[in-house]
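I've put the structures underneath this note.
Look at the two complexes coming up: chain A is in both, with chain B in one and chain C in the other.
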Partner chain A sequence: MSEKIKKPFKLSRLIRKTIFYLFIVTLAVVIILPVFFLVSLSFLSTREAYLYPLPLLPSLKARYSLTYGERGYLLSVYDDFNKEYQTVLDTNDFEKMSVYMHSQIGTPFSIPEIEEVIKDLESGPEDTVYFSARKDLLYNYDTFFKVTREAVPALLRSLQIAGMTILISLSIGGLAGYAFARYIFAGRDALKFSVLFVRMFPGVAIALPMVIILANMGFYDRPIGLSLVYSVGSISLTIWITASIFIGIPESLEEAAQVFGATKVQSFLRVTLPLALPGLAAAAMYAFLGAWNETVSAIILTQFNPTFSVVVYQTLLGSVGQVNLAAAGGLVMALPSVFFTFFIRKYIQQMWGGVTI
Partner chain B sequence: MTAASPAKRFRDLGSKAVPYLLILPVVVYYFLFWLRPVLKTLIDSFRTAAGGFTFQNYIMVFTDPNFMPALRNTAIIVVFSVSLEFIAALFLALLINRKFFGSSLFLFVAMIPMALPAVAVGAMWLTGLTAHGWMNSLLYYLNIIAESHKIYWLTGSEWKLLALIIVVDAWQVIPSVMIILLAGLQNIPEETIEAGYVFGGDYLTVLRKITVPLLGPTIQTAVILRLISAIQIWLIIVLLVGFSRMPVLVERIVYYHEEVPGLDISFQMASGYTIIVSLIVSTAALLYLRASGAFGSKKEAAR
Partner chain C sequence: MATLKMQNVTKQFGRNVIAVRDFNLEVKEQEFLVLLGPSGCGKTTAMRMVAGLEEVTTGKIFIGDRDVTDLPPRKRNVSMIFQNYAVWPHMTVYDNIAFALKLKNLPAEEIDRKVKEAAGLAKIEMLLDRLPAQLSGGQQQRVAVSRAIAVNPDIFLMDEPLSNLDAKLRVSMRTELKAIHEKAGSTTVFVTHDQSEAMSMADRIVIMKDGEVIQVGSPDDVYHRSRSIFVADFIGTPPTNFMEVDVRKEGEGIHLVNSHLNLLLEPALAKHLNTYSKDKIILGVRPENMLLVSEDEAALSASCLVSEPQGSHQVVAIQLDDSIIKVIAPASPTILPGTAVHMSFKQETLRFFDPDTTLAIND
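Up next is the complex of A and B:
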């Protein structure tokens, strides 16, 4: 409040403010720095990704030199850090050269283009020619979806799972949340505590016996099975959050609607629900984050139909094993989550303000 | 009472039943998809591979050479990460609650770590903490280390690894603690805080005597949720250093189930560990709730 009162200009105030903002910016940088490197890594070519020190930013083009080699032509790439050309390939197989330039350096360069350069080399007076090629920045993203043939169906599956988890946890959890917000009844505290108690059993330990239970139901390795498992944790969170949201909407509004002849259900649907909608949307996004980001239960409970997070996990640790590809996959995965976070931040108070355990 | 018509009595009963009806779906759901797997694990933990009753599984867990290290590592991580994360989260929440120009943007930035999927975070730190990773590269660019003096983050003493894991885990977890605290802070009327200043309190006094006490229930919520999940830490550890390098309790469950599923005792060990972890989590949660006075205040709140 005191900030709003106009004060005479003072140097000390200006300095204090500057220091404050410097501090905020430093803090933001520290928080965001690891993410920055992940983003940068997802755009690095394979060659760059294994350099030390790692380039801070991906290069936009590569500078090459071509000369005669023992086996054909000697291809070298300019290294910005060491400021010299480094030989990467000695071949007369133009297709191999083209593939190498695309997959390792990230610059698409066709065979006719290579032949052009070679013509320059043979006709020119020097025994080395220099040329450069633009980098295909989205190469890793492209490749991630190409080499992991599972990626697109897995992405759709993950969306489906997250959608069903939202549906289950919001309908079931929302009802209970409303009950906790509006009614005082015998056993209320015990019930509330048991919701907390559910979270005390490790999630991964639920997933293991669920293999057999889901198999008996015919839900193993199917999206519905995973959403049933994710909803266990998600429901308890939804109960707290929705209870908090409903507490924030005055009961008197519903009562007023009833005075005007609405039934209880009508007054809920027409008055409370529209008011709660933004908060409920935020709660849905919370449920989305949980289901979308989860990896471990997905590994246990899927076999031939992995989720997107499992595909990324396999790229990271499995046979594909290229960090820049894994980074690209991880970022594709992070995109919707970060987007939703941007929205959720406005509803923190409604979601968590009334939570008591 | 006697004057009430049967119809009214029925309606009263009906309205009394409403909250129970609203909660019924949750109860049914938890019965089917929580209680069943939990009971199955509980029963399995007292079973031999052949199906008979036994205490042997628990004896095996307790005599497992990795049990004590796992318990110790978990305890250390929980104590340090919960307190570190709480302090950092409270600090951030207090900062954001000052509502400076750009605080909403800063809040978004501060929330980003919690939005990232575990696999992306794993990829991030894995590429950061290898000897050729971005951490060393950054330190090199900042002229803090020489090109030949790489820091080997993921090797060395167990204490170093523990500290590293606590910090890495905190990076991702702090935001979720922070937003709960922030919500609590936003609920405190500004007048209350201002009154503290009017009566001559400085920032720290107001914080200690007014803000934190009013934040009590929120702090309980934030800490209990964090405590429960901190005891269950394992994935980031396995992503960074692999199985068995730094045993923690839940990592043991997954280890016996996923890494050595062929052994006769694997399933028994995993079940035993699961039950022990659950007992530890619930005991710790109850102890915390009792110590923080949650049970007392609940009676007060219910009036």
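Up next is the complex of A and C:
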């Protein structure tokens, strides 16, 4: 009875399946392509990053040719797209050549190594020598943290701000969500709806009043100030997420705890809180992402103590102004949120033994 | 174990909802007391006040000699089984049962011993490592029972604990709960809206309606000596049949008469109506107290509407004007729809109700 059941061929099914897969592929491309370009760009050398057309993948090494030039030696780099060597430098300053090879092409090449190649050129029969050098793939990342001196403190500051935002919005929003879920009081629904009002105003629009308020509180240009601003938005979201989670946890579970010897606080901490963990994790994720990725308010509300997103933004537009560096910075910035999201995701999916309460 | 006393307890929600009104009750030691009533009658509220989950508006509650009226639930030494079991889904069965014991800071060996003892009583020793999500509804129920036993409470509260189980399991759990009660000897208050559950389990039944106690008595009392039309109608399947009849005094005897019926009351019963001044009563008669007789003995004759065979007996529905009365008859011969049915009554079982107050006259 191992005979396979053969479905009769049907054109309509074929068409339907084709359209379905086309749709899925398109969706995947739309989502994955920008990420792919960001990753690829962050590994491109400066020269590659400004080539037209842009290489799809970063090269792993560069092929050079060296010959005699007007001012000294003529350095050329092989261009994969045009299949020819393109002259990039004409100099007899070895240090300049070495720096250029590292910073623009991404291949670390020391002066003694250059002298070696020149010896080859002078002793060889041809008037051109060819050589290649391995690329330093992490050059952009390295450089990003070198040229933007604030990058590391800004990264720590961003983590601190995101952490404080989670703490503030979970403690206030979580408790408010609990109140909305458990207690009946006058104006409850109106109040629950009205907490969403704060999310209706774009950060830019209320930034100036915020600057003044924070300055008055002494929080301007300080992490606590920014996390307060971010908390306003994420508290309302936390309230909505946690309220619906708390509603889903039967009150009788708490009552049982109280009957069996727990105080109200104990019954909350021992029964409700662990059960609400998935919801709290989701709320924490939103709070983290909101605080971590926010740029506009951070630009306005900081001066000497920028967040990491501001630093990345400045790399793109500021004095450094290199897309590949900005891409490296952007990727560094994306990593914590990706990690955090994946870490939290386990909690969100983990609903005690696979059963929703 | 202890007694439970509720004195003039009233519970008011908001400004004008009175859930329980002037509730008085005394539960004896080791008694199995059932609060019975339709949904919204205040029975659950009454129990929750005992547990301390609802505040008492006025009145007092005593457990033994202790006034617990204002104590929080944890200080009352009661345990409770909830309608939805309320076992904590993030704890193993063992931890569920041990929860209260751990909060009391008992030594670990004692906790272990008590948990296993309680689990043994409810027959779930082999499930101690499981999470509630891995258990069936009946097993979760047993966990709730063990958890309640383990703390050795003064009062056992059960809030419709069987209503979430399927019909067959419900009946077998009844027996087990009753057996556990016998073994543990705990004072128990059991809330249900299922009258057959109440009848089968209770030492005494408290029947409630609209926040008030209607009747307190043993299952026999409330069944055979229902104090009002409400009780007579609420208890029993099928419930009591009611007929409005005229009271006619003719000579020595008293006749109950309506368009179908002419019944001469025996003197023992008639004396209950001697002092009764109105000329109408509601006659209540249990379905099993109507006998099928030959035509010339009949007090009541009508035609059969349908017959519902039950195996051991059949329930014959009879149309009288616009009401239907039900009679329990022997299983054979099967009574076909449309055939004439002649009936008489076991007179000593008849209940007379005042049509205005709906209360029983012959008590």
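In this section, the second predicted complex is superposed on the first by the 316 of 357 C-alpha atoms of A that agree within 3 Å, B and C clash if a C-alpha of one lies under 4 Å from a C-alpha of the other, contacts with A are read in each partner's own complex, and residues count from 1 in each chain.
Quick note on the criterion: contacts are C-beta pairs under 8 Å (C-beta built on N, C-alpha and C of every residue); 3 or more make two chains touch, one makes a residue touch a chain.
All figures in this text were calculated on a predicted structure; none of them were measured in a lab.
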item: Partner chain in contact with A:M333 - chain B first, chain C second, else both or neither; value: first
item: Contacts of A:V271 with chain B and chain C, given as first, second, both or neither; value: second
item: Touch count on chain A, higher of chain B and chain C; value: B
item: Which superposed partner A:P250 touches (first chain B, second chain C, both, neither); value: second
item: Which of chain B and chain C A:V232 touches, first, second, both or neither; value: first
item: A:L11 touches, of chain B and chain C: first, second, both or neither?; value: neither
item: Which of chain B and chain C A:V259 touches, first, second, both or neither; value: second
item: Footprint overlap on chain A, where chain B in one structure and chain C in the other make contact; value: 352-353, 355, 357
item: Of chain A, residues touching chain C in the complex; value: 250, 252-253, 255-263, 266, 270-271, 274-275, 352-355, 357
item: Sites on chain A touched by chain B in the complex; value: 1, 20-21, 24, 27-28, 31-35, 37-38, 41, 50-54, 56, 168, 171-173, 175-176, 178-179, 182-185, 188-189, 191, 194-206, 208-210, 212-213, 228-229, 231-232, 235, 239, 289, 292-296, 299-300, 309, 312-313, 316-317, 323, 326-327, 330-331, 333-334, 337-338, 340-342, 344-345, 348-349, 351-353, 355-357
item: Chain A partner contacts - residues on chain B that touch it in the complex; value: 16, 18-20, 22-23, 25-26, 29-30, 33-34, 36-38, 40-41, 44, 92, 95, 100, 102, 104, 106-120, 122-128, 132-134, 136-138, 140-141, 147, 150, 171, 179-180, 182-184, 186-187, 190, 194, 217-218, 220-221, 224-225, 228-229, 232, 234-235, 239, 250, 253-254, 257-258, 270, 274, 277-278, 281-282, 285, 289, 294, 298, 301-302
item: Chain A-facing residues of chain C, complex; value: 51-53, 72-74, 78-80, 82-84, 86-90, 99-100, 103-104, 131-134, 147, 151, 157
